[in-house]
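Okay, got some structures for you below.
Below, chain A partners chain B and then partners chain C, in two separate complexes.
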Partner chain A sequence: MTPGDEVVLALENVGVEYESRGTTMRVLPGVSLELRRGEVVGLVGESGSGKSTLALAILRLLPANGRIVGGQILLDGSIDLTGLGEEALREMRGPKIAMVFQDPLTSLNPTFKIGGQMVDVQAAHAPRRARRVDRKAFLEKAVSLLGKVGLPDPDQIVRSYPHQLSGGMRQRVMIAMALSLEPELLIADEPTSALDVTLEAQILALLRSIQASRNLTILFVTHDLNVVAQICDRVVVMYAGEIVEQGGVLDVFEHPQHPYSEALLQAVPTRRNRGRTLATIPGQVPSLLREVRGCRFADRCGYTKQCCRTESPPVVASGASQAVRCHMRGPATLWESQEEKAQT
Partner chain B sequence: MAKTSRSTKARNGVALLLRTPGGLIGTVIVVGLIVLAIFGPELAPYSFSQIDVNNPLQGPTLHHLLGTDQLGRDLLSRLIYGTRIELEVAVPAVATALGVGLVLGLLGGYLGGLVDNVVVLFTDTCQSFPAIVLALALLTVLGPSLPNLIIVIAVTFSPNYARTSRALVLSVKQNQYILAERALGARRLRIMVRHVLPNIVAPLFILLAMDIPSAITAEAGLSFLGLGVPPPDPSWGSILSDGFNSIFQAPWAVLFASMALGIATIGFLLFGEALRDVLDPRLRGVTGWRA
Partner chain C sequence: MSASISTIGSGGSLLAVSDLRVVFSGGGPVSRLFSKDKGVRAVDGVSLEVAPSEIVGIVGESGSGKTTLALAALGLTHVTGGHVLHGGEDITRLGAARIRRVRRNAVMIFQDPHSSLSPRMRVSSLLLEPYFIHKVPESERYGVAELLEMVELPSRLAGLYPHELSGGQARRVGIARALSLRPRLIVADEPTTGLDVSAASSILNLLQSLRVSYGTAYLIITHALNVVGYLADRIAVMYLGRIVESGPAEQIYDAPLHPYTRALIAAIPEMDSRSGKKEPFASGEIPSPRDPPPGCHFHPRCPFAEQTCRSVAPLLEEARPNQSVACHRWQEVASREAP
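Here is the complex of A and B:
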């Protein structure tokens, strides 16, 4: 389970724009991120921070009004996904990078039985000649995968329609379907947010065990820090389209370096703050319609200095695993300003 | 669940179709019309062209159950013969319209962009003419005959199917399972045929069932104007228009032809609705009696 050094996916300065009614919104100004083989990376941030956009951009599945502007998405160090044509992309989606979506209730076509859909997915990536012959083999593989993701009586499941299964079962089906193509990277976009807590724990445990047995890389998009703590090796914190901090889960959770990560962690209900009003972060995410000068978090930050308003903060390495985008981590440190604060 | 064979599946489908009162009535009417269309000549008491000069414009009698027209031809026989003509025109016309419209709507709705613009331009252009004017113009060019009638009705009906299926595609396209399919690398054509199409056919069946009587009416209208089925073939439209001339002396022809049209309309409508429910697995077992 120790993540190797091999980079599976590298985003270099990937920008995304949405266009709506003539106005262009730069949703991601330029994101750089590396995913190494066998690691589980949590991508966290509040609604509208660009997590899902980033996930969709990787697979080039942005809605029609969104487009990637600049940057590279390098798969296995050599294939640039931003430059691929539709058919080449189609071959990447699934066998290389698979995705599981947020709402399992709507992720399956209601008019087909589970077995048919799972066979179709595999057939779409089989060599042309094998497609007809192998349907039986595909179905067998579907049955065995459904068993592996912990569904009872998979023979029965393949003959069921989606509406005959519960939400948790459907999410397992989605995971099995994604796994049937043996991807290198699995992007999970809030796969448990539509499920209740017990099911969430089961699905997380399932993902964890599959990840370990296949040395799978998982990009786990979520807004739930508890989920990150349970499943991830590394965490990436996004705010208003920028990565503000990333690092090992323990390091970030114990010593958040960015004021935003710090504030986020304080907003998590724990045993210690039981009975007290939860901390919130005042203000709201800046509008992306106009250019943001300086630090995007400056308006809501407790440590804002003059330079935060005018200059974009640098990305600074911190500790063994962390990197943070903040002026405080530069020459003047967070601890100093905290001391200043304590004195006043 | 035991493995079901094709024949038991079909039997289950029929049972589902007949389960609701609407489905039962609709199926009975539609099957009845089809039987009349096939076996009409054997069932009709007279030939459609047999003239009883002594008894024109009669009301219902024992000899002529639904009365006679201005030439003394038996109305019941003419209506029965007419059933075949109606179905011969309406079913292929509407089926062609559905086929053409569905392909246009799927392509436009799913591919978007230039293709969509062309489809919308085509449907808007067709629909900017009043249907009857368009049909008259086409029939004048092609000349009145049964196959031309079918073509003309298909052309005037297809934009409606293109628009409806395009709108349905646009809404189905938003579903997450389409995105999920794309994320797992399904081909465009495959998504269109396997995932979009099955989700839009059910509502189109309602439209189809509603349009068969509309096509019958369109045929009647064109026959009324003299551009439909050439006489002496007894289409319901020509029976109506013949009867219209003598409506004050003998309203029977208009009355019974309209009733035939009404019954057929209701029958196809109920049948289409029941068929939609059977075809949509989500509605199976959910709606016993529809409130």
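Here is the complex of A and C:
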């Protein structure tokens, strides 16, 4: 299915700060991103890149010491999630945007059976008058959803407690639960990281088929580039709180435009680069306690020039479908090279 | 030690494991007496060799017994049956003091670096601790700075505590501790799991370069097939306590014979093969090792399973030179196109 042009979610200059021991850390300086209906977007980055913070900010699920400072998160072009109160937010979480977390065991309540938990999710969002009567119908829906996510014997599953299921089964339950309110957007935060390869392959295939049958939009947060290649249409690369590159998966993977994406891709061990030394990225992610001047990747980049240390790089269109935040690709490249020529 | 056993390790291999069995029995003596619980056969008749400066990868999913195999190979868990030979010496028959001597030459890097480093010791003490344990004379010791340099860490880390290190740095300290004794064999359990892409790639580069400069051999235990595909010379695939296929890395990847190996390889998400995969994934999940299926352990998930597979456990046989497989139907499997 080809993604349409309809924008489901638009982030405009969304900033996030964390407060810790009296100091403020600007984790996301201002992120802009659009998700179109029916596309699977991979949000990749290493730990500390802010990818999970971004995912949580969309659902307004930031921890107590985090807050959104500035920007807009527009759902369906009209609802600004940043301005909603708790009650209104609850109407969004589930029916509009659902989330699947990395560890299903901590997301499921260990003291209730799967069926009851799945009914509660639906009941909490049912119109007030219907709440009493429909538990039976909700349970039937739960059973049918569990069957759709490929769980054998769903009648038995609804009567089980979470600990009686395996990791792969629990993750399928989480996906079924997330789908029970028919959301437009599914945010999946490392949904397969805790699973074995054969299970991961099964879950990825499941998400793909659900996506296609419901024209669902999926934001897939992961650090695993191989998984992105497998399931995503578009990839968004984050570094130190900023989106440094985005574009079609094949374009980015074949012709990465940002030095960070390039290094990241070359650092993945595969059997094809056997015997070769893998690319590494020296140094550390910059501390966000201080204001970062210039490009955030400058200290670790192999192509750093004078302007990278002083000026924030512009976001420019580059390659086939990509947008990249880098001086190398921007207009500055021109005057830099002219300057260098003049010096020699 | 009988003659037949000593010949196993005499082919110059550093480590030779033969017919190793590790059974964990549940409950106390009374429940063991009255219950039908036969215990968990974590490792069920595994044989394996590692030659000097060779990299052998053990792959398998959780519950396959790969970590237990690693622990047993270093005498870190009890062994129910079989032999583990280090340079011809069977450690299953040695006392604690002599096993310790073996562990000077064969060391382990644990999966979680933070939980394997004492939180109350500085990096410098952690690095020198192995020398005190093994009473290594001063003249044979590396200095702290030297060890840090070997694993490409700045010397200023010497005064830090483990919680002040990043995951990649802690992993390197674990490697440096292992290297301090100049071992000939390093057993690494999931050496890159939990690390970021760039930290993982630098650890893999480091392991490679240490082999080049010191001739270290590795037994790498992992569920990440891309890691062994990149690093290992030979691969053994484990499923529910048994090796189902082993052979040279290229051969295992290009022409896998066991249906499970094929399913694993088909399941690897790879950056450069986005097109649909032909091989069906293994359906279902790995069964509990407490109650493994009869016959071939893989038969409930196997698309090739037939009557024999349900009752008779296949033995490892040499299907091609150096490549062994435990499957009744490998010939039919091999005739299918590779995944």
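Miscellaneous remarks
We take it that the second predicted complex is superposed on the first by the 326 of 344 C-alpha atoms of A that agree within 3 Å, B and C clash if a C-alpha of one lies under 4 Å from a C-alpha of the other, contacts with A are read in each partner's own complex, and residues count from 1 in each chain.
By definition in this document, a contact is a pair of C-beta atoms (placed from the backbone, for glycine too) under 8 Å apart; a residue touches a chain by one contact, two chains touch by 3 or more.
The shown structure was predicted, so the numbers you read here are calculated from the model rather than taken from an experiment.
Within the superposed three-chain model, A:94 lies in touch with chain B and out of touch with chain C [touch as defined at top].
When the two structures are aligned on the shared chain, A:235 is found in touch with neither chain B nor chain C.
After overlaying the two complexes on the shared chain, residue contacts for A:109 are found with chain B alone; chain C is out of touch.
When the two complexes are overlaid on their common chain A, residue A:269 makes contact with chain C while staying clear of chain B. Shared-chain residue A:249: touches chain C; no touch with chain B. When the two complexes are overlaid on their common chain A, residue A:124 makes contact with chain B while staying clear of chain C.
In the superposed pair of complexes, A:198 makes contact with chain C only, with no contact to chain B.
Across the two superposed structures, the residue set of chain A contacted by chain B and also by chain C is empty.
Residues 46-47, 166, 168-169, 196-202, 204-205, 223-227, 229-231, 249-250, 253, 263-265, 267-274, 277-281, 284 of chain A are the ones that touch chain C when the two sit in their complex. Across the complex, chain A is touched by residues 61-62, 166-167, 196-202, 204-205, 208, 223, 225-227, 229-231, 249-250, 253, 263-264, 266-272, 274, 281-283, 285-286 of chain C. Contacts from chain A toward chain B in the complex involve residues 59, 61, 64, 86, 90-95, 98-99, 101-103, 106-112, 120-121, 124-125, 156, 159, 161, 163, 174, 177-178, 181.
Looking at the complex, you find that chain B touches chain A at residues 1, 112, 175-177, 179-188, 190, 194-195, 198-199, 280-282.
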